[in-house]
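The following blocks contain the structures, represented as structure tokens.
Next come two complexes, and both contain chain A; in the first it sits with chain B, in the second with chain C.
So, the complex of A and B:
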């Protein structure tokens, strides 16, 4: 199907997220703007204005009442989705690179950047899901990351048991989400190739990381064991897992933004790549962007996905029936075996 | 604490010198007599002279001696016999430095003073070392011959049951050799990190893989890829084999610096750029310096001009009996192997010679029975003399054929692979010195009297020309004029030629089959077996197409082509972004095209096509540098046997197809098996983690699904979700101007 082009941002997209019902898309960009769109037709639902710097990150709670955003103006803000009202602002010494709600929506994680004189910090706040209620100023947990390399991405696992972080040296770490203790570090990606994204499976029991080493890897949340590896031919910025029953992962990337002007669109490999999650084989590519893909997100319903590019566009693709019908022979064989 | 200077009592003078044992220091600082004598040389074989003649002789000698170093009259000591009447016939000379003494030995040893006296110049230390009694044994002891050591089979790869070919790939820091598979990924034979420092090269028959290092060149081979030979040449840049792999030429841009005592190289090699080696013994045979091309060495502003080197400068005859090098403008030096002596002790003088080429195969001239090799060369117009192309027979140096040419601005020599023809591509200019076109002068070497056929009326400049290997057809590419200030190179045209059909065995006149215009192509790569050819655009930023042509298409023939010995057909075209190199496998079944990081950094990797242009495989590889098929030695089958193979081709291909089929199905089976295993494993893992998660949730008293997954569940009672969409449509637009 023809993609829907969401034209509303003037600068590079940094993150795009679906609401948990899959009906809304939230997009943030370096142009200080947060936008919300209907995923079905691409109509703009609204914008959340107030940030004074480039936005890095966005997340929405499971009931689609609260929206959290993090920006280069060193603040994390909480908004009411429906009205666009700013509910709360948290100030930090450095930019906020990642925000994420826990799966029950009762906790909110913020990751701040390591900058001269300041270390990376991970804050976890207890959130009151009622938009009328006042939110806490003090984090329930604060981890100062001083011994490990710079943290680039972070997330909260199923049951809010662990916090998982990705680092600039290609390693992945697991922390106890109650005590903030470092449990385990895995050196999954090539040395000194930064981890660019970390996205959860639907039940948050496994996750995918993408890296500049041109691979994406599927990890077990509790053991950090690498389950699968997907090899691409370009540095990756993002990777997403399609919800079951489809068994795919979508990878996005392209040559670094600073090198893009020197190469043609063909060169930059600005395509979303689909891989089979289990067989690790590439299935297809979707072209369209004329800059690297900075983020790919799949709707929790599994009916569509969207990608945010360095070119300032969000492209929403609704899957056609063949996408759902495509099966490897062994998969089909198994299904038939189960039926009889 | 040791007493400091101030604390020493001046009265208390140390006077115990006698008691101290200095022997260790004395030993350490003793002047080694032999080392001190390094500046001395001994001259033998001088005429015996009377004291009155002595001064004259010394002055005469000094003139020679000072040409290589600095010495003075009082440093030449010529002893007289006991009676003092006559000199002993030798002299000692002291130079300023050991280096000068060494240079004198090198330069003056064996110099003739007059008809009767030839001097022998040696270092004094050498005389001490070897000349003393007992230093060299009086009786001859035969050298020890090492026990025979069995070497690995160097042609093992030809015994592959499936007749596959090998190729080498150099990417990143790794060099790997692979078997080419007609379907599926290549099978790795060996892969080594830092196997070479600059590039790898196969020997012409594929026996050895050559690796390049700062210290020299190494040859590898056999099933274990062990090192077979090592050729020490510091700073080596390029290497070239003789066609029979018995000799190897190494070249370094910088002249070698050889110090005395080097185990392989002698002072003979000092200051040289080229070494020609015997591969079997790994010993140098002869070394040479680079000959600079004539012309100014500095430009107008005094900057040194970088001169292109001719490579290979030493060109081998097809049987490796001779190797020749040209001194541009003067002549050709032909050396005879294996001794590397100059043939007939002198170079062949050819005034003005610009280029030469050996015939690539033993020539078969009409009515010539004796052994010969042919050299083709050309000279430009000089004064009122016309330009000339000549064919010379070696070793007789007889000129077989010459042809005079006029208004020549450049010429290129192209031999056909069986030496049946040599085509001289002549760039002509008009009287006003503006290049106007190209002529082909084709020498029919095998016919009586070597007739020359001229193909002219080629309007533009020919930028590339190639004969069909083992055939009589050729392709040329012409380019239009370069437009000044435009970055895009001019469009090119590709022209295909073949001989006309004539009765009998003769080869008819060359006729144009077809010209394809408005192309960008610049490269011609014939299949080594002939018939098929890839015409491509390489090293171009905008276009990178590959055209696969067949000269003997088996389909319908055009009416106008019925008199031609070819039926040209474009079989396929392909596109390989950024292609830099094209290489046919030795059997002519596959073509590898590659984009090397040496030329650009975009989409490095390779494509593999079959002969008709069907893409079989493509692989992008980071830092891909080089692809090279392993050459095969000449076929051992007789003509009859080859004919037999051709006759029973159908039977053979049936067998091969069966093997292919079996291989394919077993490979497919393996893939399916692997996928089945992966799927089972994955589903089992999922089941386990899901069960664990559910159990944990229930223990914590949480609902089965998390809030975020709950959001997805559509309430049954609610039924289908109704999505309302509002559309605004503009039906009409009015613009009214209000006064």
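So, the complex of A and C:
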């Protein structure tokens, strides 16, 4: 496969997202710019300008009409994907570290950072999917995370039932998305190793978390039980689950950005790692970045994935047939057993 | 698929056409005939840029490629670009989009992550070093050491080619004196077989036959399509040629671009050298000089 390099950003990428049909890629970086790309050929569709600080996060609603971004200028902004028009700006006391639309696109979650005396807050807004309509100023739910350590990542589960958060100390918490009550906390990652990413499976019934403790873990959404553990040899920044029919997870990471210049690209381990989702076994790596991978995202179609690196590049990879044909022996045996 | 376009020579310029240009503008309609093999032959008549009537015959095979696309994706593809990309033509632009080098990604069972990572740096370094250390012969640019070059007896390293003729004029001593001087005058060590090279210089070549390099010409800039026989014919004009050697690539069989021509007599060789240097052969200009004795 020949990766397509997207060079729209001048600084490190922080998040990349696919639209639901996998045809558009949205990338945000620390250079205040949001870019939209066609995944098929890497053509840049446009850019959304307006943020005054480093962008931390981006998400697009399931109909690909609205785009939400969160930045270090302490705002969350809502854009119309097609025209690039700024529809709404929400202001906060601290930076927005994570935004996420719910499955149906009717709710939008925003996570603000704990800093300078302000606590982490999770806001949930009811969103009107019509780009012409005015959006609400007031959140329908606000959770102030007081007792728990700093929240690093957050997401809304299937059916908008739970809110799941990952914390600085490696724990995962589950909240009721209606009342905002803390239901359960699981200490799944090593202590004091922050959870760097949380990505859902296609149906949001389970999710994967990556951590600086060099592992990624698959969790059940309702019980927070650790289903699978993928062990890597480098601190992880991101983890993604490939959609059916392939059963893989992709992990991205690498040495911390501050140590990068002291080592060679190979030792930095700036590779996307592929693991079998069920057998937890590593099956391959894809090289290319010359900085740590800050985010990996898989197209919901499963045909391609892209990674955003500290080096300022987004690399889009369209998978070759061997990727789809690969099966473990047991899988093959099972298939044959079913046939006869 | 296969669209062969045959353009007939312009219709004859007879008086009728010259005087009545209106007639030429009345063109017969294009004819479309279906062939047995599923192709179509389209014959069209048109006026070419010289103002003459021309006939074009095209054979076309139509294949229908069906592709399913999500209507929403198709709609988004048609969106006009916005922001900094507004108004730019469709298709990826080279300033924002480039293709990386091909990556072979083949999932394998039991991918050795940990071990490979620990071992890999050293191993890879070695392999890389080997790969990088491209052995290149200084004489014939082949992938062997210069000392192992089959032409080392007859040819100087390429870089020294320019001085070869001068050396020859000054006698064999030119190159040898330097080496010899090292052995005698300077304090640095010179291996025995290089000392006093003027005389033998053949210490390492045991039993190797000494070719008469005095009458051997080195011909460079030879067309890669040249044959030994061509060279022989060209060079035989100046005297009896005892040997023609044209270096050929082992894989492709094409000439490498240089050859050796040995004469029975040195005066013939000198004459040939003079005449043939700068001679146009094929699409290239030959360069002919005396073969210099190998210094290695």
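Everything that follows uses one rule, which is that the second predicted complex is superposed on the first by the 340 of 340 C-alpha atoms of A that agree within 3 Å, B and C clash if a C-alpha of one lies under 4 Å from a C-alpha of the other, contacts with A are read in each partner's own complex, and residues count from 1 in each chain.
Going forward, a contact is a pair of C-beta atoms (placed from the backbone, for glycine too) under 8 Å apart; a residue touches a chain by one contact, two chains touch by 3 or more.
Keep in mind it's a predicted model, so treat the numbers as computed, not measured.
Engineer: Output check: A:103 vs chain B and chain C. Expected answer is one of first, second, both, neither. What do you get?
Structural biologist: first
Engineer: If you stack the two complexes on chain A, which partner ends up touching A:4: first (chain B), second (chain C), both, or neither?
Structural biologist: It touches chain C, and chain B stays clear.
Engineer: Of the two partner chains, chain B (first) and chain C (second), which one does A:183 touch, if any: first, second, both, or neither?
Structural biologist: neither
Engineer: Thinking of the overlay built on chain A, is A:148 touched by chain B (first), by chain C (second), by both, or by neither?
Structural biologist: In the superposition, A:148 touches no partner, neither chain B nor chain C.
Engineer: On the A-aligned overlay, A:86 touches which partner chain: chain B = first, chain C = second, or both, or neither?
Structural biologist: In the superposition, A:86 contacts neither chain B nor chain C.
Engineer: More chain A residues touched by chain B or by chain C?
Structural biologist: Looking at chain B versus chain C, the one contacting more residues of chain A is C.
Engineer: Please indicate which partner A:326 is in contact with in the superposed arrangement: first for chain B, second for chain C, both, or neither.
Structural biologist: In the superposed model, A:326 contacts chain C only, not chain B.
Engineer: Would you sort A:205 into first (chain B), second (chain C), both or neither based on which partner it touches?
Structural biologist: The answer is first: A:205 touches chain B but not chain C.
Engineer: Just chain B (first), just chain C (second), both, or neither: which does A:21 touch?
Structural biologist: In the superposition, A:21 contacts both chain B and chain C.
Engineer: Touching A:46 in the superposition: chain B (first), chain C (second), both, neither?
Structural biologist: In the superposition, A:46 touches chain C alone.
Engineer: Please report the chain A residues shared by its interface with chain B and its interface with chain C.
Structural biologist: Shared contact residues on chain A: 19, 21, 41, 63-64, 233, 266-267, 328-329.
Engineer: If we count contacts the way the header does, which residues on chain C are in touch with chain A in the complex?
Structural biologist: 70, 72-73, 76-77, 79, 81-86, 90-93, 95-103, 105-111, 113-114, 117, 120-121, 124
Engineer: Looking at the complex, which residues from chain B come into contact with chain A?
Structural biologist: Interface residues on the chain B side: 577, 602-603, 620, 672, 675-676, 678-679, 682, 685, 689-690, 693, 696-697, 700, 702, 706-712, 723, 725.
Engineer: Name, in rising order, each residue of chain A that touches chain B in their complex.
Structural biologist: Those residues of chain A that touch chain B are 19-22, 40-41, 62-64, 101, 103-105, 158-159, 202-206, 220, 227, 233, 263, 266-267, 277-279, 300-301, 328-331, 333-334.
Engineer: Residue numbers of chain A touching chain C in their complex, please.
Structural biologist: For chain A paired with chain C, touching residues are 1-8, 19, 21, 23-24, 37-38, 41-49, 63-64, 82-84, 232-233, 248, 264, 266-267, 269, 273-274, 281-288, 315, 317, 319-320, 322-323, 326, 328-329.
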